[in-house]
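Both of the next two complexes hold chain A, though its partner changes from chain B to chain C.
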Partner chain A sequence: MADSPARTGSPPLETTETERPSLWVVRPLATAAKQFAKSLWRPSTIVYPFERLEDPKFRSAVGVESGRPIGVGEIWDNYRGVHALNIQTCISCNLCAFSCPDVCIEMVTVPGGDPKHPKKCPEIDYGKCSFCGFCSDACPEGCLTMTTRYELSVHKRADMVYSPQKMYEVFQSKLPMNPIRVARPENEDAIRLDPPLCIGCFACSRDCPTNCITMVDIPKATPKPGEKPAKRIWKEPVINDSDCVRCGTCISVCPKDCLFWGSRE
Partner chain B sequence: MWINMGPQHPMTHGLWNLRVRVEGEVIRDVEPEMGFLHRGIEKISENRHYNEVITLMDRCCYVAGMSWEQLFIQASEQALKVTPPARAEYLRVLSAELQRIASHLMWYAAFVQDLGLMTPFLYGMRDRDLVLDLFQSYTGARMTYEYMRVGGVRNDAPHGFTDQCRKVLDWLLARFVEYDQLCLGSTIFRKRCDDLGVLKAPEAVAYGVTGPMLRSAGVRRDLRKDRPYSVYDQVEFDVPVTDTADVTGRYLVRMEEMRQSVRICRQCLDWLDRNPGPVLADHLPRWLGAPYAPVGREAYLLKRNYPTGLGFSMVEEPHGEAGAYVVNDGGEHPYRVKFRSPVLINIWAAKRYLPGYRIADIPPIMGSVDVCVGECDR
Partner chain C sequence: MAPMTLFSVADAIAAALLGLLGRLLPAGAAHAVTAPDVVLGLATVVFAAILLAASMLNTILLIWYERKLLGRFMDRRGAMHVGFAGLLQNFADGLKLFRKDTVRPREADSLGFWASPTAYMITSLLIFGVLPISTGWNDGSLPLTLLLALVIFSFAPLFIFLGAWASNNKYSLIGGMRSAAQMIAYEVPILLAVVAVVVLSGSFDLTTIVNEQRNYWFWAPLFLALIVFVAGMLAEMERIPFDLPEAEAELVEGWNTEYGGMLFAFFMLADYLRALVGSILVVLLFLGGWTWPSYVPSALTSFPLAGIVWFMVKTYLVFGLFVWVRAALPRVRTDQLLRLGWMRMVPLALLSIVLAAVVVAARCLPVLGCIPSIGG
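And then the complex of A and B:
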């Protein structure tokens, strides 16, 4: 069972009964006193509401040497705080809402789209949000990012819901943006079509947020003798893989389930 | 007479109840009561994508989130037949070892406060903050990291991270000496903790106790050595043991484990400096590789034959040996997830190591167990 059990770490202290009890207290106190003296001109804490780690003055001065937290420069910028949304570049692909594990993102209509295709942007309920960052990782356009803002207390629960406009204000406040690049697999799956099932309904190309689906003509199938010619539109979608953001909108709107994820040949 | 210690008691470090039968001052029997923090994480996992379960893992054990992420991800990768690249494995080991340091520092702070010492508590929390800053620098969060993904990790370490990390490790090594001066150097501490809460090796093994509690009883058992997972067979480190099986022994084992973790971290950092590369597997099924959830219907699942399989992994977590069992039935969500919590078992062995001591000994003894109820109740 125990192969050569031996004490490790610091050598055991010899506790002798003859030792003066006053020493019991004095020895550790000497260590503490040393730290206390150090802390007089180099405190380990910051005075929070008046000093903030993200302040530029801490960016250079704070570090391991001083015993203070390391929140320096770009390292602090990685923080996952309140989201910033650039409404202008949002393509309404729904990926943030799909990726949210807590289902706290709802896509709401914002002005700017045409009546047929209303523009939808994420609205985040911070009462549910766990700040996992999946939504900003998923955003193909980089318009939903997480900022260093972390103060979220509000008076009413309704104020916890951040509308797209409110997140756009965060974006305009020019907070440092998260510079972390998320690793993505080089060989991502792409959308594939099962041609016999397609009825050429245009739903995919209509709803594609990047307009990467074009409907092309296909030859009409010759009906078998005795059969009526099939009533359908002789078109099928062709997907431009380089423009595709892999949001899957086409898959979810396809009435015949003829689109699916497949590996790129 | 039965006394309830908990669920609201400074000794418990969370929500659980220790029922103690006493005769005068002496403990005769104990009965731990668990389940106050049950959140049904195993069940919720069945309704989430594999990557989304990671958000739960961080909340499973809030002082050792990285270890639990690694645990679940390893089991999932086994079930899904995915192999992560080497750089991701080293980043995972680095994260897990930094997490071990952070968790043990948290334990140190809480444990000495159970003894009534305030100064070491502040030291422990201050130095843990440096490790949390490191975590923040490359994961973006201080406690709930969501760093690991099936097939790799979320992102590579940022530029300059390794140098910063080395600085922190050097700083910490100097601090560990000070901890020992404060605690081991104090005769009062030794008189309080020596021969307290003794759990000898045969009983510890019989109860399934793992982690520092087992090693303090002289059993040289560490999954990182005995059943190496990830890249632990590539790094050098020692497994500390003591033969005292008491509270002091657990203190010594954890202190030495932190030093060994620093050693592992340095080797990982050297390797990461030398070997750039991808941190996510090349080709993954769409709904695994992407950091976001897929869109799809049953139909597209039926069209493709996704691999099915079982995954089981065990990880030497800061508290002990944690296990995860994942059943993949070919769907987007795991069919069943089961976790083995080391702390639950370490607490249940209290029937063995508490009776015979006095009521005032309960906080130091239970403090030395390093209780984290989050993973216990799940």
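And then the complex of A and C:
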């Protein structure tokens, strides 16, 4: 009767006491007292609206120098906060709006362009923005960057849309900014032309934001036997590769689809 | 001139008020108004009003004190925005609760539901009537104040259970049953620990007990009884680690689950009133009440109302001890609670009675000096 049905039920309640019970009381009390003594003068809490982590006096306490994991209490210079836009250097290339995964960037007209080609700068809706930073990565001129400002609360939803002028004010406040990409990748694609299709319409050179497209005369193709030589002088775009920012505006405006992306050589 | 007591102050206020009234009234009515019995009656009311205001103010201050202290134990700041260092935060909270609707569950028993917070509050306030805060607080007219205080103190489980049962909610009922079981279980060690004090002092009067501690405070010979008393008080106050009746993690809010608004505020205030009473009792029974050690420089003891100030400082330190325990210890299980109560606390209390008897028999302790003789 060693394994009677009574034995096979639930195991008996565990009542063994592993340590001396007095330690269960004394040890936590000592820990609490230690913590109390430590935080008596100043608890770890940083009273946020009145004190800020980016305040230099907290850098040694909670920042990199404290030996804690990097990022604790440290506002990095590549923190992705509100955008700063330098309207002066913006070339209206549309790359930021093109690269935005949330479609929160709209190019709006700002004063300063000539009447035929209005200057357009990004307007960002922070209600949609996910702060991925693709736009500032894509910006070829380094005029759209992200700052360390993180306070975005507003009272009205319409206030979440930051106009270019507002982001220019952020730019002028000289906050720490993300590092701007300077070097361009070596193996970058370039705009290629399919010459036989080109009709020499000037659309690409007119709309190029960097004015890197010049239309040059091309030698007329030798007429076929029995054909009259054409009177018109044909022009063809030549793209200055070092000035080109790869925005693709020329491709999108080409009426004959004769411009395309291709490897540089 | 008789020593100034709180009741004499109240008496003077009542006499002044009635004298003012008597001047405005015709002579016959004035004579009736200023009769000694009328003055005595009004003096009692004034006395109660002063006590009520003082105890409520101290209770609210106690909540603030706990919040600040607990914050430091948890490496944060407590309330800090309303008023200086958050002193007015509890008033703001109370105002918010006051403006709230009090909802009674449809199936709840009306009388029990409304009556129990009120009765709980009243019995908690009633204890302050018998607690002497300083010399000559209430003329020493009650020879059994200690017993009376403990009796009123032990009314609480009745009203808690009543409210919990009347709420018609399973969590409330479980919390109420736990509360009743816990409070009744810990009454026994508390009373036994008090017996040790009574043996040593030879009196049930709190004023006499404090006066008997003029040579040494009772915590030194009765350290075991102090531990038992503090643990029992923690259980009676339902504070962590003995807060099973309102264990938030398992029972929603315990026996006051169904109470909201001002009724909840009543329960909350009464809880802290009882915590204040517990601290005061510890000070009275074990820490010498309003007296101070002889080595304290006279500058710290010779200002007016020094006794009250010393008493309050000790009370708040004892409550700080309760907060320390709350910050450190986790909640115990029911079986651990009852085992601790019956198998540890009761024997310890009995042992401390024996110790008290030995001290009385020996009359003198080598270090602490002699105790006063009992029975004249």
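Just so it is clear, the second predicted complex is superposed on the first by the 186 of 265 C-alpha atoms of A that agree within 3 Å, B and C clash if a C-alpha of one lies under 4 Å from a C-alpha of the other, contacts with A are read in each partner's own complex, and residues count from 1 in each chain.
Here, a contact is a pair of C-beta atoms (placed from the backbone, for glycine too) under 8 Å apart; a residue touches a chain by one contact, two chains touch by 3 or more.
This structure is a prediction, so every number in the text was calculated from the model and none was measured.
Asks: For A:Gln35 in the superposed arrangement: first (chain B), second (chain C), both or neither?
Replies: Once the two structures are laid over each other on A, A:Gln35 reaches both partners.
Asks: In the superposed arrangement, which partner chain does A:Ala138 touch: chain B (first), chain C (second), both, or neither?
Replies: Once the two structures are laid over each other on A, A:Ala138 reaches chain B alone.
Asks: After superposition on the shared chain, which partner residues are touched by A:Arg80: those of chain B (first), chain C (second), both, or neither?
Replies: first
Asks: Go through the superposed model and pick first if A:Glu123 touches only chain B, second if only chain C, both, or neither.
Replies: Touch partners of A:Glu123: none, neither chain B nor chain C.
Asks: Taking the superposition as given, does A:Ser44 touch the first partner, chain B, the second, chain C, both, or neither?
Replies: both
Asks: One more residue to check, A:Pro101. First (chain B), second (chain C), both or neither?
Replies: Touch partner of A:Pro101: chain B, not chain C.
Asks: Which residues of chain A are in contact with chain B in one complex and with chain C in the other?
Replies: Of chain A, residues 25, 28, 31-32, 35, 44 contact chain B in one complex and chain C in the other.
Asks: Would you mind writing out the residues of chain B in touch with chain A in their complex?
Replies: 48-49, 51-52, 54-55, 119, 123, 126, 129-130, 133-134, 136-141, 144, 146, 149, 151-156, 158, 161, 164, 167-168, 171, 178, 180-191, 194, 201, 205, 217-220, 238, 240-244, 252-253, 255-256, 278-287, 289-297, 299-300, 303-304
Asks: In their complex, what parts of chain A are in touch with chain C?
Replies: Within the complex, chain A contacts chain C at residues 25, 28-29, 31-33, 35-36, 38-40, 43-45, 47.
Asks: What residues of chain C sit close enough to touch chain A in their complex?
Replies: Against chain A, the touching part of chain C is residues 71-77, 80, 324-325, 327-330.
Asks: Chain B touches which residues of chain A in the complex?
Replies: 1-3, 5-10, 12-13, 15, 19, 21, 23-25, 27-28, 31-32, 35, 44, 63-65, 67, 69-71, 74-76, 78-80, 94-96, 98-99, 101-102, 130-135, 137-138, 146, 178-189, 194, 246-249, 251-252, 257, 259-263
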